[in-house]
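Quick one: the structure is below, questions incoming.
Each chain carries a letter (A, B, C, D, E and F) given by its place in the written order, and its residues are counted from 1.
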Amino acid sequence: MTLLWIPLLPLLGVLVPALTGSRGRPLCTLATAVLPAIALAMTLAQLPALGAGDIPRVSLSWVPQLGLDLAFRLDGLSLLFNVLILGIGLLIILYAHYYLDASENYARFYAYLILFMASMVGIAMADNLLVLWFFWELTSLSSFLLIGFWSHRSEARKGARMAMTVTGAGGLALLAGFLLLGDIVGSLDMQVVLESGETILADPRYPLMLVLVLLGAFAKSAQFPFHFWLPHAMAAPTPVSAYLHSATMVKAGIFLMARLHPAIAGSELWSAIVTVIGIVTMVYAAWFALIKADLKGILAFSTVSHLGLITVLLGIGSPMAVLAALFHILNHATFKAALFMCSGIIDHEAGTRDLARLGKLAKAMPVTCVVMSITGAAMAGVPLFNGFISKEMFFTEALETHAFGGLSLVLPVLATIGGVLSVAYSARLVHAVFFSPPRHAPPKTPHEPPHLMRAPAELLAVLCILVGLFPALMATWLMAPAVEAVLLEPLEFHLALWHGFNLPLAMSAVALVAGVITYILHRKIRQFVRDFPPRDASRIFEGVIQCIGDRAERITECVDNASLQRFMTLLLTASLVVGAIGLAQMDTLTGAKGNQPVDGVLLVGALLLVFTGIGTAITHRHRLISLLMLSVVGLLVSLTFARFSAPDLALTQLSVEVVTMILLMLALFFLPQKTPRESTPARALRDLVLCTGLGGVIAGLNYTVLTRDTESISDFFLDNSVPGGGGHNVVNVILVDFRGFDTLGEITVLAIAGLAIFKLLNRLRLFMPHSDSEGRIWAPDRYPMILTTISQTVLPLALLVSVFIFLRGHNQPGGGFIAGLITAVGLILVYMARGVAWTQKRLDFPYQPVAILGVGVAALTGFGSWLFGAPFLTSSFGHFHIPLIGDIELATAMLFDLGVYLAVVGATLMILANLGKVTTPHRPAKEDHDATERGLHRTDDPTPDGKETV
Amino acid sequence: MLDTALTISLALVCLALLLNLFRLTVGPDMPDRILALDTMYVNSIALIILMGVWLNSKTYFEAALLIALLGFISTIAVCKYLLRGDIIE
Amino acid sequence: MEMLYAITTGVLAASGLYLMLRGRTFPVVVGLTLLSYATNLFLFSMGGLTTGGSAIIDGKSDYSDPLPQALVLTAIVIGFAMTAFAVILAMRARGDMGNDHVDGRKAEDKEERR
Amino acid sequence: MNRRTRSLLPTPLLSLLLLVVWLLLVNTVSVGHLLLGGFLAVLIPWLTYPFWDMQPGVKKPWKLLRFFFRVIGDIVVANMQVAWIIINPWRRTRPHFVEYPLMLEERFTITLLASTITLTPGTVSANLRMDGKTLLIHALDVRDEQTLIRTIRERYEQPLKEIFEC
Amino acid sequence: MFYVILEGLISVLLIAGGLFAFIGSLGMAHLRDFYMRLHGPTKATTLGMGCILSGSMVYFSATQEGTHLQEMLITLFLFITAPVSAHMLAKTGLHQRLKYLDKTRGKPLEFREEEVGDKPVPHPDRD
Amino acid sequence: MSHLIVMPIVLPLAAAVALLLTRFGNATLKRGLGLATTLALLVISVMLLRQAASGEIQYYALGNWQPPFGIIMVLDRLSALMLFVTSMLAVGAVLFACGGDDEKGSNFHGLFQLQLMGINGAFLTGDLFNLFVFFEVLLLASYALLVHGGGKARIQSAVHYAVLNLAGSALFLFAVGLLYGATGTLNMADMAQAVSQLPGERQGMVVAGALLLLVVFGLKAAVLPLYFWLPRAYASAPPPVAALFAVMTKIGVYAILRVYWLVFGDQAGPLEALEQSWVWWLSLGTLAIAGVGVLAARDLRLLVAYLVLVSVGTLLAGVGMRSPVAVSGLLFYLVHTTLVTGGLFLLADMIGVQRGKAGTRLVRGRIPRNATALGLMFLIGSMAVAGLPPLSGALGKVMLMNAGDSAQRLWFWPLLLATGLCAIVALSRAGSTLFWRSQASDDGDSLSPWQWAGTGWLLASSPLLVILAGPLAGYTEATAEQLSDPQPMIQAVLIDQGDAQ
């Protein structure tokens, strides 16, 4: 379990700076360092176990369905990386303490840094592919945050996004690779994966998997062609560069290749890809390192180059190559971190990182000069420093590999060229900063930084020398288990400074000499390069992203053109297609039942319906005519219902139709009276074809159903209506009892419509023409006397009819809904005849509560049945005999129907009366002509600040 | 005899409906169309009553009643619309 | 008779759909209403076309299928609610946008931006 | 508007009408329905009472009855005339707009008169002036404006005035 | 015999009703101006309704138990509403100043220029 | 009989009635009632979740009319899970709304409860027509809520949203009619049985009905040619409503799962899985177009709306794979995406409010006053929604990637990963614009604690889902198993056919 704490402690450590941030920087720094330090100690404490050949592992079940366990291991490789991550991390914390300005949010910085540290430890220790991926992506994220730390700088933001995009994309490829790998192996457990090398190599999906995994690794380790993001990541504060972009994060890709080495290396494909990419990266980046003018830029490209070197070694893949790779990881981390810190110190003290403005700093900053010289020499591979040993090993492996058959000389030659360039840029780095005179003066007068700020770099420099001098003593304890972890077996080796005179030594010598010469000539080279101005990767990247964004925008605009007509066309086309597919599967349209004979009335009815239906469409540009046609359709539809034995439907349709008419006319008043001719003939034709098609499909489907007999559940309703529901009108019993829940939903819909319309009408001010579309000024007679008189007779009659329809609904056609509509229409007649003000004065209550009360009553009927232990909406009924009056039947369903009645009355009046009220109080006596010409007249404009409420 | 009478009557009412449709379609003015609509309502009542007689069923009486009551309101609404624009003011 | 009925339903649906494809809110609402008539006729007929068989229990033997009728009743009410909402929404849209195009476009830039 | 207090039976004529209508609706004359109808005939007028203008009382009920049957008769006759005009291919119509000066004053009776005119002899009451003093009548076939006015006055307006307004 | 007479009565009422309804609609279809067309439906159709409804009353009273006077209600409603519809329609026609036959005598106020009031203004929707 | 099953429907109804009986009234009281009801719903849904976890399928016969004659509410693992997600989301939305959005128009809390009623009803009902009714309840409530507060953009998007959905409702009725005409029943379990014995001459009717339903559900779910209503509607809705809308598309997904796995399950013979290839290919198209939309979005809310569309594509791809593993994965992903996108809509509004004039547009503006906290929330939300570990999106995505055969993976993986990358690019751009590329400023409206609570509630669910991933995945796995075998459902619902009461 202690193992679990090693990644967990740094993860918890993210909170420490957040909590201690307000207590001052020294305390915060100290507190932040504590948990990583403990984690480092715990890591080292595992050494004995490792020495004994154990691999400490811990696993907690997390998502077993996925094969995802929270599993960690601490083998040699993890140990090596943990030491690097935590060790250098601690040094960086110390360094950052001095590096950051007083004004900067150090707590946030530390939090990001620790988050990053924790995720790196997680990668190093992950014992499950998915866990590894999790931490992998977390490093991308934390590096995004760190690179963007100076978020006010444009290059920081761009660099952060670029890093995020590239490593994020790599991470996604890696995920796919991991899942494939898990699929091949049948487990995501690292141990199982590592032991299944043969299975993996034999699997046909291996190449794809390998490419995906390597994509991830290369993107993270900035290998060609994904190298471009790393230099731009240098926009980050220098501690970040030192830590992430030299010592740790960029090594994650290398780590991954080493980690999965037993599982996925060992094929020709592996060597080919990895070696080639590595060597190309190495040389290419080294070249750029030489010609960069920015201190951190040089270091960044040199980092890329060295990562290439390590990649080559992993590609070669022999045991000694692996050892060399791991050893170079260690060495590179030490000298490169120190170099970054030095460059940060210089930047900090001199105020610039531009080589042109730096020079002759040796006097002002002697200690820094020494440190930088040592570590620079290590980077160049000068003997006696650690870099020399691993580079020597690299040359050896480059010579010994036979990966490229006849071209086997290519590798050593390129390796040597890389070495030459490496020496050249290292020399340039040290010489230009400390010894040669500057071309322009630096912004600040440089001096040595505080001692403790130097200390981490000094320590690392000392390590460079110690390891360089006593490699076996200093590094074997780390290297042996690490190599064993990668090779899955112990490797006998001896790290030594001196291997005798041999070809690699000669190559080193060549590199040194040629490197110095190259540096001396480098101005000419740079002059040469300047003729081909290098393109800025960030600008290209931004351009590409911008271009993709624009392209995406254009595509989106093109696809989604905000045209309802197109959306509707698509919807209808989809329906046409699926309907036609169904229809096509019918063998015969006419079923066994066949057609009943047609009589003249039906024919005339159908003729009228078809005629007015089409008429509604044809006349749609003259809206009122269209509306009248529609009204006839409604009438005929209700006649159709009556004709085919559905009196309830006929009644409902009739009353709804009238209310709809009134509603549409109320609304039409505020809308244009005519529709402009806008559809092109082609468009109209297309719509016509589509609609005819869909109409045809609907007709066809209707016909197929109509000509077949159906066994349905309806017999149950016919049988149980009287005994079970206490009503003779089966339709009504279904509505209020068998399927009362539908009806409850339905009146809820109606009530919501009322509420929604109330919302829409609130503070709505609309243009009110003072003349009709022909220019006739409205008739002066608002409330025609005969109409008003008749309305007062019709209202009581309508109410009486409502009561009649309501009471008999359970046994005869009728019911609460129709009754409600009749009541509503009766009241609407009064509104029409006498106006809102007059009516409102006499009908002084809001309709919303009525509608809601109706829903409430219906719901209460439902709840009532709970009292009797029955399910919601269970009905009961009884016959009661009252003297003189006779038998009467009472059913709870009637109460439910009362709810329906109230809801309908309330909602309908809420809709119509509110709509009627929209204009009434504001109707201007006369429009002013300007407003009329503008086509819009508002009595008060809605406030622009969005305070308008709906 | 009754059947024949019923058929004749139905045929006449249907013809009447077609004539209404004619007036509804050709107009020429809105009031003409409304008049056609109104007449259609009334003729529908006739149709429903005749259907009731034909089927010997009183189930459809309410539908006729409702048309008599509501068709009028519909007509009034359109007239009011043409007269005043705002039918509830 | 069935054929006639089906054709009528289809024609109403087609007319309604044609209107729903128009570019102004009011025809769309009218189309919606027309379409819901067609829908109701369609749904209603799923129980077959019965003459003189109202589902009112009175000792007859041949009743029409009451279930589709009940469904259509619900559908009519819901359709009414929806039409009401849609038409008021159209009003509101006209009030806010200054025109009654379904996309809230000005009358000037005609719809050729499809 | 509350000139009258809300009495239990504010409009007896309406109540009677409602009761009759109710009995017609339920098509039964049972005690239960009489009671229910009676209840409704009281309740509904009571509820809708605020929506009523002053309703004139019936001064001479039997005259009303006579008027009623006369109108029914006129409707039949007049309608046959109109029918004849419509189907007679050689018809000679003499359409006429007639301004009819009203004697009646109550809204209710004016409405009754206008309705009667519409239902009877070839006339439609086309417009009631807002002042309620003149009624515009469109007649399908009249020889003489004055004759028409006189007929209406004597046959309908006078009786109505007697029944309701005297 | 009684039933034959009854059947005859019903038949006559129904046919007469159908005929009047037809004539009413015919008048509406072919009379020459709106105001004349208005007469057809308000008169003939109403009478036709009366006939058909009476026929129905007689029919149901004869075939089903009890007397069926419900149809009177429809007649009543029609008599109440039809004149008002006609009145409103006529009002609308006058308001729209629909043309009437030249031979029509009498020129109502509605058609006299001086009574129309403000000069018509172009409606914004007008193309 | 336990009434608990029907509570998620009747409780919000009752609360809505109480809330709406007066149009105006004590705002605090209304908030309290709205919040209390929502919390009660959460408790109820947890209880139902535990009931359903036993694996037993229960139903509640309304009016005591036994299936297939009466309407029933069915509680199985799937419906319980959907109820839970809804109430989790609703709590966040209501909390947020109490911060002041509820006062920007009338009747917010009542309508909100009605919307919940509709959603919960849609999840519970076992009757096809009743599903239609609840669809209408939730749609109309959503129209009302969409225009809450007013404004041009809202009204305009409401026009599109409403008209399309109205057409969809008509299609739904055609489909229900056809299925009733062909099978003679409305109960979905009964229909499943009827389909298994379907005479060949009716097959076309059922196919047409089923595919029309697919169009309707596809419209709700916002699948490729039918998604166009979504971006603008979501982007313009009032924030708590937009948050609740996060579950709206999932209703479509749910309905597809429910109908096609039950009615067209393995007992359906030649009709089995007739939706599959449609859903599969269209979902991929949706994913692609949504990825492009994510890159194109120049407004944070629009961006989140397109991320919802991404999630729709992902979910439907899971549906299209039509395997229990895929369903398990998609349900996990569904829980995650619903809560997180809901939270992001809320967060977007908070950011927009503090950025003043720039609002949620992704242009240089002033830095939100509470940049640190908002930034942290944005980070969490973005990571979760983009599928970056260790948050829930990553788990869901991995689960879905693991499902599907190799032919399906060939299409699904590249698309899913590519849209993931689009999301990363777009969100990092958005984040850097909102929190970095702006001037710091001290003014900007202050945010109410309610808003923090609501947003925090939803965004916190993502890490929580990671911690509880094991149990949740176990539940979704069992759900998928339950779903893949319709027989127990059919038997549970139709035990005593023939006699009711």
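Everything below uses one rule, namely that contacts are C-beta pairs under 8 Å (C-beta built on N, C-alpha and C of every residue); 3 or more make two chains touch, one makes a residue touch a chain.
Bear in mind the structure is a predicted one, so any value in this text is a computation, not a measurement.
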item	value
Touching both subunit A and subunit D (chains)	E
Chain of greatest Cα-centre distance to subunit B	A
Pair joined by the larger number of C-beta contacts - B-C, B-E	B-E
Centre-most chain, if every chain is reduced to its averaged C-alpha atoms	F
Of all other chains, the one whose Cα centre sits farthest from subunit F	D
Gap in Å, rounded to a whole number, between the CA centres of subunit F and subunit B	48
Computed distance of Cα centres, subunit F from subunit E, in Å	56
Whole-Å gap separating subunit D and subunit E, where each centre is the average of the chain's CA atoms	16
Whole-Å gap separating subunit D and subunit F, where each centre is the average of the chain's CA atoms	62
Shared interface positions of subunit C, touching two or more other chains	20, 25, 38, 40, 42, 46, 51-52, 54, 56, 67, 71, 74, 78, 81-82, 85, 89-90, 92, 96, 102-103
Numbers and ranges of subunit A residues touching at least 2 other chains	562, 564, 566, 568, 572, 643, 647, 668, 672, 676, 697-698, 705, 710, 712-714, 717, 738-739, 742, 745-746, 749, 752-753, 756, 760, 769, 772, 779-781, 784, 786-787, 790, 793-794, 797, 801, 812-813, 915, 935-936, 942, 950
Interface hub residues of subunit B, defined as touching at least two other chains	10-11, 17, 30, 34, 59, 65, 69, 71-72, 76, 80, 82-83
Touch relationships between chains, expressed as pairs	A-B, A-C, A-D, A-E, A-F, B-C, B-E, C-F, D-E
Subunit C residues touching subunit B - in the complex, by the definition given at the top	51-52, 54, 56
Subunit B partner contacts - residues on subunit A that touch it in the complex	600-601, 604, 607-608, 611-612, 615, 624-625, 628-629, 631-632, 635, 638-639, 642-643, 647, 650-651, 654-655, 657-658, 661-662, 665-666, 668-669, 768-769, 772, 778-779, 781-782, 784, 787, 794, 797-798, 801, 805, 812-814, 818, 822, 825, 828-829, 831-833, 835-836, 912-913, 915-917, 919-920, 923
Subunit A - residues contacting subunit E, complex	672-674, 676, 767, 769-777, 779-781, 784, 786-787, 790, 793-794, 797, 926-927, 929, 932-936
Footprint of subunit D on subunit E - complex, ascending	20, 23-24, 26-27, 30-31, 33, 35-36, 38-40, 42-44, 46-47, 50, 66, 68-70, 72-73, 76, 79-80, 82-84, 86-87, 90-91, 93-94, 100-101, 103-110
Complex contact set, residues of subunit F against subunit C	129, 133, 136, 140, 143, 147, 150-152, 155-156, 158-160, 162-163, 166-167, 169-170, 173-174, 176-178, 180-181, 186
